[in-house]
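A, B, C and D are the chain letters, set down in written order, and residue numbers restart from 1 in every chain.
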């Protein structure tokens, strides 16, 4: 476990560009262990790109990522997962040809210790692990009310349900830090409330550090302990929700404009 | 030294023959995202149609016009019956569909026009020309000229005409092009027809060299490494890729081949392409895709 | 919570597939096969059908499950056949079944080597690697006499024929049982594998490899495993093709057209299903015979023989396109369970 | 509907296998594995036309062979040895009450693939001017018949012809003779013989491989130009022959110093090469042309009556058409030999072997059947399954093949030990005891 004095995650002067176009410029902020940190900002502000840097999908041009005290100039996707970073994607990146339960179990992949031969012959160790994984996956599916869809092929489910599967897959491997890209998008109000409650519970009960991107400012202010506002790849504001709400820059650039509605 | 130069120049010139086949692929890939395996069969079909017509006494000019008309018809048919139903399918599905298409086109070509090898005389005498010690093939020089002209003409088409600009729009961003009201189906038909015509030109040159026969369809296997090296989306890349493959294949057969017992050309180009891929995974001129999740 | 009532439907795990495979592969041919079928049916249809199914299965693990398109299936079949020949020739003490396994392992190692580019190259840039394998091995096995023991015809045949632990399997029934036994065993193991974590990793890699890596799927390892396992099966299939079906083989038996044939088997049969390989193999084995028969009876004498053959080839091409348009999941879906909605294989990574 | 269609297809297949034996005629069944589709169709198409026309002529004009009608049936293989094996399995039990007397493989790779199967099934494999050279030794290979002209004979005849051109065997010493060959078992099959000949006559032996399909050969011909051979022996096949002839011209190598082998010497090989092929010569165990008696008979009885299988009658007398005629005639004469011995009824494989092993076609007989000049005199024995070993040389004049020589014999005294050794090694490896035909009855 991390000590409270050390941040779970810290970014220092991280920059990223695509074909010469700056997506993120010299961004720095901290995420304390056990907090829910919300990234907000208009589309194209670089929020998803930032998560992709943390997951090692994108390689930053410059800067440093400090994860639980360790310094990285870039992450590797597998390394990130191994270090306990879970991830939920914006446009469901589920494995559409697989069932709900298989999607969830796949999230446990890095915990598998089996060899091919054990799997092929279904040796006792293989059966044991399969059973363990299946139980764990069911446990998480129940948390999201998904167990009745366990055997359904994911691609056939409605969007809102798929988002829940996405969440379940993100947390099934018991990460210490979860990055969620618009986990509430495409849901109706009651679903949003339901999932927000689950996220809050995960944070509270499992001491899970959560970084999430969300456009619904109401929910963000309610859920987050800490808000970082991005605009055109730069940090506009950083602080507890109350201060953000009152920050004139943010109001001008974001909250006060219509963009919030459009984006949401 | 002159041997080396001759091998190099000969290889470069031979490479333009590969480029010409590769350009047909690039056009189609650029506009419709399809790796068209049937390009070789279409090349065979085009050349065979031309030769069959001239054998019937149709003058060359008329035969070309008729063949082009047939290719345009074919492009429209393919777009309507194959591409349109497969819109939004994965590139691999489309690729496999063109494998099926190649069977059909070959069967139609051989079934209707027979399987006899036809001679094709373009009136280019293939006698050696000597530059000092270095021997250069006259035919290859003509072929290289044609390939270059073709490349330039297509570049102009892409950059200077309205259709070309629409076409590039489709290639760059299909959705945006659609929202601008560009008729994407028509663009596909045009591109497949143009690729067919490129196939006809390539087919005539290859056919003059080896006779118009079934094995013309096998030239796709030479075009693939060219595409990999040059990138799937660039005409300049196709030409440069062809030059690289032609030259290195020729040098390798001459200088490495004897140590391995010879006959290494079928796989050498592929090995070369693999090496290129490790250095530049999207080819020399290809653009690296940004992954979005 | 607004629960839309959704049918709890077909598992991805191929339960029905197992049943179908069980029915098709066990009940019918095992019981009825050797006794009812003529020697011709066993030698010329059932045995090659089984071996093609096996090869289809091998390629399906790589292409259908792990999403890595390969045009080099023939290459690894070739490796398996030549390795088996070499082992039987040079290590005569090794019994044939073990030689098959070792040959499979050799094919797996080489498959792994040619799969390495897949860790850097995506989509069909990858076919260049598998085609390189195809052409390289065709050249290699023809170029160096060591591989075919200097035989002037450059063909390979088992020095002592098909003997399984001292039993002569050279008879039609012997070939049949050897092939069937191998196919059933490999099917069972593959079935276990695709239901396990490795199978899920493959499908995750196929469906969305970037996301898979991010959530902790060892994508590189999964791809390499798929290449190795696939080549292992293809290697065994190749050895059986050479020695249990043809009797002797040369590189031509495993040329590019063989690679296409195996690819067609899984497209037609159904990508990403175990039973697809069987259905596809049955289809490509029987279709030419059926067309042959049909055309002989309908048009014999009326249509030129050359035209007739071309019509058959054209129909084959049309069927492939038709399948891709109408039934992207192939016969497995057409004849099998109805999934609640069509699932898309090979979704483009853009969506 | 879809299911119905599939069911119908499946059902159709079952019927195709079982529907047999309607007419219990006593016709002799002759299956023909063919290739009318794919890369080799251009030779195939003419070959089958020749074969079918001759069989039809025998059936309809001569009333069959000794009264036995021939029942021939085609199976498409696209020249794939694997598919030929499948055809073989399909037909080896015979059809309509007729057993199989022999099996045409129509291709060297298919012969290789079937060699052991056919020996076990006791069905003679007939592959004139092809096959595996060692199988000339019938004591080890009773069921393989590489009739007419083995690959070793091809090498030897080629060298003999060159010797005659340069003014005698003693002039071969110090010459450079390059073999440009299709890099396959077929292309390499003559190498041991050329090695031996090079040693005997003292010429320099240069071997240059061309990889399949061979549509770009500049490196090979640059090598030819570099090494300056006096003669080139061309052992290519399909498109690689055309490209070789054209590339030779480009590199300034004279066509009249290139000798093609049997399978590099048809119209399909030279017409597409245009002017580059003028003066090119090839070994012709199957000469081209229509100046033979049989062509007059076929013209009158088959072509002019609209019964020919030939799509384009201009190709009547093309080399590949004549290949078909000769192959068919060899089969017919062998059957005739068998019927005379066993009685006029369909023969089985063992009887078929006897028939081929006692096949003799002398000059008188050649005249009778109209093959004088088209086919060499043949005498097959259990020890010699080749029975000929000679070819004429034909040269392309831009319009047609012109025969330059009479039959040139290969040097069998030199080659026989090579064949014997090869056969003995095979026998040892496969535990075969060579039979002693002298001791065999009948």
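Everything that follows uses one rule, which is that contacts are C-beta pairs under 8 Å (C-beta built on N, C-alpha and C of every residue); 3 or more make two chains touch, one makes a residue touch a chain.
Predicted, not measured: the structure shown is a model, and the values here were computed from it.
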(Q) Keeping to the contact definition above, tell me which chains border both chain B and chain D. (A) C
Q) What shortest step count links chain A and chain C in the network of chain contacts? A) 1
Q: Could you work out which chain's C-alpha centre is the most distant one from the centre of chain D?
A: A
Q | chain B-chain C separation of Cα centroids, rounded to whole Å | A | 31
Q) So, what's the distance in Å between the C-alpha centres of chain B and chain A? A) 46
Q: With chain centres taken as the means of their Cα atoms, state the distance from chain A to chain D in Å.
A: 72
Q) For chain C and chain D, what's the span in angstrom between their mean Cα positions? A) 35
Q) Can you list the residues of chain C that touch 2 or more other chains? A) 139, 143, 208, 210-211, 214, 306, 310, 312-313, 344-345, 347
Q) Residue numbers in chain B touching 2 or more other chains? A) 107, 110, 114-115, 261, 263-264, 266, 291, 293
Q) Using the touch rule from the top of the page, what residues of chain D touch 2 or more other chains? A) 36-37, 41, 45, 183, 211, 311
Q: Would you mind writing out the residues of chain A in touch with chain C in their complex?
A: 55-57, 77-78, 80-82, 86-87, 89, 91, 93-99, 102, 105-110, 112, 114, 116, 119-122, 126, 129-130, 133, 145, 148-153, 155-158, 161, 169-170, 173, 188, 190-191, 194
Q: Would you mind writing out the residues of chain D in touch with chain C in their complex?
A: 2-3, 6, 9-10, 12-13, 15-17, 34, 36-37, 41, 45, 48, 74-76, 80-82, 85-86, 89-90, 92-93, 109, 112-117, 120, 132-134, 183-185, 188-189, 192, 211, 309, 311, 422, 429-430
(Q) List the residues on chain D that touch chain B in their complex, please. (A) 36-39, 41-42, 44-45, 183, 208-213, 215-216, 218-220, 222-223, 225-226, 238-239, 242-243, 246, 249-252, 268, 271-276, 311-312, 315
Q.
Under the definition above, what is the set of chain C residues touching chain D in their complex?
A. 38-41, 43-45, 48, 139, 142-143, 152-155, 157, 159, 170, 245-250, 252-253, 257-258, 286-287, 289-290, 292-294, 296, 304-306, 309-310, 312-313, 331, 334-335
Q. Any idea which chain C residues touch chain A in the complex?
A. 1-4, 6-13, 189-190, 192-193, 196-198, 200-201, 203-204, 206-208, 210-219, 225, 229, 272, 339-341, 343-345, 347, 351
